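Two complexes are shown next, each including chain A; its partner changes from chain B in the first to chain C in the second.
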Partner chain A sequence: MSSVTDVAPVPATRTPEGTPRRPRKPRSGALLGLLAWLIGFLFVVPVLWMVLTSFHSEEDAATNPPSLFAPLTTEGYQSFFGVGAGTSPWPALANSLTASVVSTIIVLLLAIPAAYALSIKPVRKWTDVMFFFLSTRMLPIVAGLLPIYLFAQWSGLLDNIWLLIVLYTAMNLPIAVWMMRSFLAEVPVEILEAASMDGAGLLLTLRSVVAPIVLPGIAATSLICFIFSWNELLLARTLTGTVAGTAPVYLTGFVTSQGLFLAQVCAASFVVSLPVLIAGFAAQDKLVQGLSLGAVK
Partner chain B sequence: MHRRVRPALAAATATALAVGVGGCAGWGGGPTGGGPDTINVLMVNNPQMVDLQQLTAEHFTAETGISVNYTVLPENDVRDKISQEFSSQAGQYDVATLSNFEIPIYARSEWIAPLDDYVAADAEFDQDDVLGPLTASLSGDDGRLYGEPFYGESSFLMYRADVLDAAGIQMPANPTWQEVADIAAEVDGAQPGMAGICLRGQPGWGQLFAPLTTVVNTFGGTWFTEDWEPGVDSPEFREATQFYVDLVREHGEVGAPQAGFTECLNNVVQSNAAMWYDATSAAGSLEAADSPVKGKMGYVAAPVVETDSSGWLYAWSWSIQQASAKKDAAWEFISWASSREYEELVGEELGWSKVPAGKRASTYENPDYLAEASAFAEPTLAAIESADPNDAGVQPRPAPGIQFIGIPEFPDLATQVSQDVSSAIAGRTTVDEALERGQQLAEDVAERYRERESK
Partner chain C sequence: MSTTLETGRGRGQQPPAPPPAPPSPPSGGALRRSADWARRAPLLPALVFTIVVTQLPFVVTLIVSFMDWNAYYPDERGFAGFGNYASVLTDVNMRRAILVTVILTAVVVLVSLLLGMGIALLLDRQFRGRGVVRTMMITPFLIVPVAAALLWKHALFNPEYGLLNGTLTAIWRLFGSDDAPQPDWITMAPLISVEVALIWQWTPFMMLILLAGLQSRPLDVIEAARIDGASAWQIFRYMTFPHLRRYLELGGLLGAIYIVQNFDAVFTITSGGLGTANLPYVIYQTFYQAHDYGRASAAGVVVVIGTIVIATLALRTVSTLFQEENAR
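For the complex of A and B:
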């Protein structure tokens, strides 16, 4: 269990001596840069393809070989937003937003104190505690689906967004605790000692010493939790109905076994992934800091 | 210090959570949610259902005061959700789209409500107008009616009349499969990129095995004999499957192992296939106003070998959940959606090619519909009327069904076998190997029924 910190999702980019790496020679740097761009491009291509397809008509989207330069249209978006079709994606998007934001807030409220108790002032056998947290993720969600469904039916919580909030909280809590623990573990003991020597109490230390250091970590953790809740399909599809359906469930509704749907689904997927993209861009600075926390020491 | 603080904190958080959950439990609404004049409908996402959604508010809710909440899901998801919802009688949905495959099975389990009393009290609905084979296949073992069709279909052979004419080929009115294979060989490549025939190869009991089971039937094969002996490795089943696999490998579409209904529809619309054996409901899309092959198609009965007809029978239908507290409102919805008036409404508002047809005799006497659908109306009606789920092949069967066997185990069984047959189409295995494994799977199912019957 001593390898807990190594497993945590913080890239160990520090050199053993703690000194920054020497800059590489320019040529290999350019090569590496090119490679990074290439790999980045490969990751973005499917998304670009999806966006392009979403602006094609259904017939053009379905051709093989693909028609890249087909005329652009917003038909896919019109059908997603239910123009003249008596449907609307807004309730589903609102449900997704509620479930993701509320569960992320609850996760942070629970995970940060837990992580504090596992890193800065570690409880006894804290490695075991970490493992217990993680073990709740070892059961595949699908294995618990039927009991959860029956429980929800029995307790009248079927098709209730609060059930999803509780489940998403439970689902993300272990990850958040692990992430926050590794971020909090990066807070140098010396700083804490210095603070306490200067007479700072617990709350003041948390607010003025710990918080600024781990804020990027909190940003990274909340974004991960938000993304996982936002994209969750299995639980949402099983446990919601007409009222609490989330955006991913609404999105799958565009798939049909009779007729064309590719452009509609691409448009729907693009709109549904927008909030995550926006959240990602908004948190980008903090995120990069968060994910490379420790490299700057 | 810490020890005392922590439990207190934990308790406070737990209380906050509980209050949050409890206080807002009414938000989502439980089984009784939505008020007395709202019904919840769970349905498959097919184009006809999308049209229905569009017309509901203005033409149903405005007249009856009953508002309808739809949940629309793709076919496989909707089946999962319906079986989960209905088997637990959760009561979230009042109405769901079931097919003539599920309805007798669900009726046996008393998951859905009989409709006879509603039909009898609703003079306007006119059950006698609904085509006989559909009424029969939507009834339970007890002879009561459990579903009303939204649209029905059989299967037939669609072909490019212009391509066959150019090649000097005459399509017989009742072709045999051998004749179809010969024509496929002749028109293969008649235009650049045009395959002789498009046949489903995508795994799935409702994909590959819908057309293939009808081929097996007419070749004289069957999944099970009357006394529950599996027949998957019988010579007739083998011959039929080998014929199907050879035909699609030699003269079929590109990417056949992944091609389902949608892919074949695309192929025909884009002139990538000269013939297509599939659902009669496809003709509406081929003859739609924006279809490039409109007016170029011909339609004949499903090809046969040993039987007189071989078209399947399928209908997406409405059923009411037994646990529903709003059965009267639910029937009012069904009575509207399955009515002749609704068909006329679709015809006038959205176009006659979009009518959810294939369920009422009156549809095929409507001059407006015939003007639009003249090319395929008569072959469709003939195909549905000749379909007999209780006499689908050359031998008696233990359960009704044409392109399926009406037992709950069939989807699993046929889907597993279809994966191997699809591999055979891809050339990764042989038909014999695929069916040998299929026979073992079928034997497992058959054994259970033999045991049950011997008790």
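For the complex of A and C:
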């Protein structure tokens, strides 16, 4: 530490004003680049380790020191998709897919018109509406859990995937409204108005002006809503059981150790995370915008 | 909350004729009203849906929090006044849970903000493979939270075959020693273990927001300062940091809102044991296992109050960024 901080000021004191400090740049630049690589590597190591372990046999997975170069096998995946944890993971994966995809579609159907009414033809006090949506995302889910549970019990919707779909829709709607608004706000309104004057131009305008701006926005919004729904545990854990349980709920079956099962845990974790990894890398450029509720571009 | 009210009042004070609305029809009352409703129509489904699904449960929670209601004793249901709040705030476990929630949130947010800022500053420079490093950095955030917690619990922290102790053994072997320390990380430092796993997942989040902040700096001004002989530290202290401040606030507050609610990591890594139970976990237990609905609701209201404090600050920050964005 001290050596790093000592090095930096030295050239600064030597340089008179205006002298370009070129000579310092390459060396420290390369070092800092190396440091960035090192930190990036440290952060990704657990994931790499998970993937590597998932392709080891249970015996090779549980060695100390770790066996990096053990032969690769798909045993972990076989026992995960087979009878590993007692029940097949396919229903859970299918439930997660249903809950995430259907709720994302409903979110879009609700959010796009709402975003339109908040940007292109804004209602009065539209900023207040925006902040109302945002404030609902900030209230903790756990505080609404009991009434939702009692309602589900009363209406017979416990362990029903549609209940999760409705709740995930409500959970993601604020994010989607904020994101979609920030995309729609980029649409040049004058061109839209001019196009609506002569009806023939409207379709063309939609296709050539609106679509290029809005479609990537819709894609990014759906990917982020998908990720949040896919990841959710507390609601799914409380409100579903054997029928509608989602993939994260299935994963909680691995919380307690069961003998030699590390390769299987890693395989399960990797399989369940794979859709999020794919969606996340696909939405990489828009990830910040979604996570910061559209506040940062 | 207050932000909303303030802007609302600000708008309300404007003269009744709407000056900014661009194509306002000649305002005959009925005509204007129907035009208003035409504007509102696309908004209503989303708004009504959100109010019904997110606001109604909280109202019910608030009511139940003043009731004696345990599903195991259905006959004893009745009004409890502030009894549940008194027991929440005096119960040792609940107080411990409040403390754990505060510590967990503060530590995870602060450490991941600091790490995130350091890494964002590193990634803001040009170097070979910058895109690859950025992608590597994002990866932890894209692991399903339960899976990430399982990964840390079983594959990294496990005292017998976890990667941490395995690495220690390998290093010690390298120097010809066979008695490498093999700590049982989770038992030894349960809360820190949970925090480490969460910091690993949340640092990328902070890094992304701060990197976006860094890249929105006015580069010409910084270049001018550099030509005028400002040192790297001076540029950071007087130009970069003030610019980043709002992004630091945003990252910190949004992170806090998510981490206050954290359930997955506590549930998976320690199952709330060893003194790591935070409020969401205790509420889940009180309601789901002990079926004490009244107390669980009172604890829920306590979390909401805590969150509103953070959320009000967060909304204010978002609002400032938002207004700048729209003023541009």
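As a working rule, the second predicted complex is superposed on the first by the 196 of 297 C-alpha atoms of A that agree within 3 Å, B and C clash if a C-alpha of one lies under 4 Å from a C-alpha of the other, contacts with A are read in each partner's own complex, and residues count from 1 in each chain.
As a working rule, a residue touches a chain if its C-beta (ideal position, glycine included) is under 8 Å from a C-beta of that chain, and two chains touch if they have at least 3 such contacts.
Remember, predicted model here, so these are calculated numbers, not experimental data.
Annotation for chain A, partner touching more residues between chain B and chain C: C. When the two complexes are overlaid on their common chain A, residue A:Ala70 makes contact with neither chain B nor chain C. By the touch criterion defined above, A:Val166 lies against chain B and chain C together after alignment on the C-alpha atoms of chain A. Applying the stated contact rule after C-alpha superposition, one finds that A:Lys121 touches each of chain B and chain C. Of the two partner chains placed by the overlay, only chain B lies in contact with A:Thr87; chain C stays clear of it.
When the two complexes are overlaid on their common chain A, residue A:Leu110 makes contact with chain B and with chain C alike. By the document's definition of touching, both partners, chain B and chain C, reach A:Ser257. Using the contact criterion defined above for the overlaid structures, shared-chain residue A:Leu158 touches chain B, although it does not reach chain C. Once the two complexes are laid over each other on the shared chain, residue contacts for A:Ala244 go to chain B alone; chain C is not touched. In the superposed model, A:Leu134 lies in contact with chain C only, and not with chain B. When both complexes are aligned on chain A by C-alpha atoms, chain A residues 62-64, 110, 113, 117, 121, 149-150, 166, 237-238, 252, 254-255, 257 touch chain B in the first and chain C in the second.
Interface residues of chain B facing chain A in the complex, by the touch rule stated above, are 2, 6, 9, 13, 17, 20-21, 24-25, 27-31, 33-34, 40, 42, 44-47, 50, 53-57, 69-75, 77, 81, 84, 88, 90, 92-93, 206, 254-255, 260-262, 265-266, 269-270, 279, 281-282, 285, 290.
Across the complex, chain A is touched by residues 1, 3-4, 7-8, 11, 18, 21-23, 36, 39-43, 45-47, 49-50, 53-58, 60-61, 64, 119, 122-123, 125-130, 132-148, 150-156, 158, 160-161, 163, 165-167, 169-170, 173, 182, 200, 203-205, 208-209, 211-213, 216, 227-229, 231-233, 247, 250-251, 254, 257, 260-261, 263-264, 267-268, 271, 279-280, 283-284, 287-288, 293, 296-297, 300-301, 303-304, 307-308, 310-311, 314-315, 317-319, 321-322, 325-326 of chain C. Residue ranges of chain A in contact with chain B, taken from their complex: 59, 62-64, 84-87, 106, 109-110, 113, 117, 121, 149-150, 153, 156-163, 166, 237-238, 240-245, 249, 252-261. If you check the complex, the residues on chain A that touch chain C are 8-9, 12, 15-18, 29-30, 32-33, 35-37, 39-41, 43-44, 46-47, 49-50, 53, 61-66, 110-111, 113-114, 116-118, 121-125, 127-136, 138-151, 166-167, 169-170, 173-174, 177, 182, 185, 189, 193, 227, 230-231, 233-234, 237-238, 247-248, 251-252, 254-255, 257, 262, 265-266, 268-270, 272-273, 276-277, 280-281, 284, 287-288, 291-293, 295-297.
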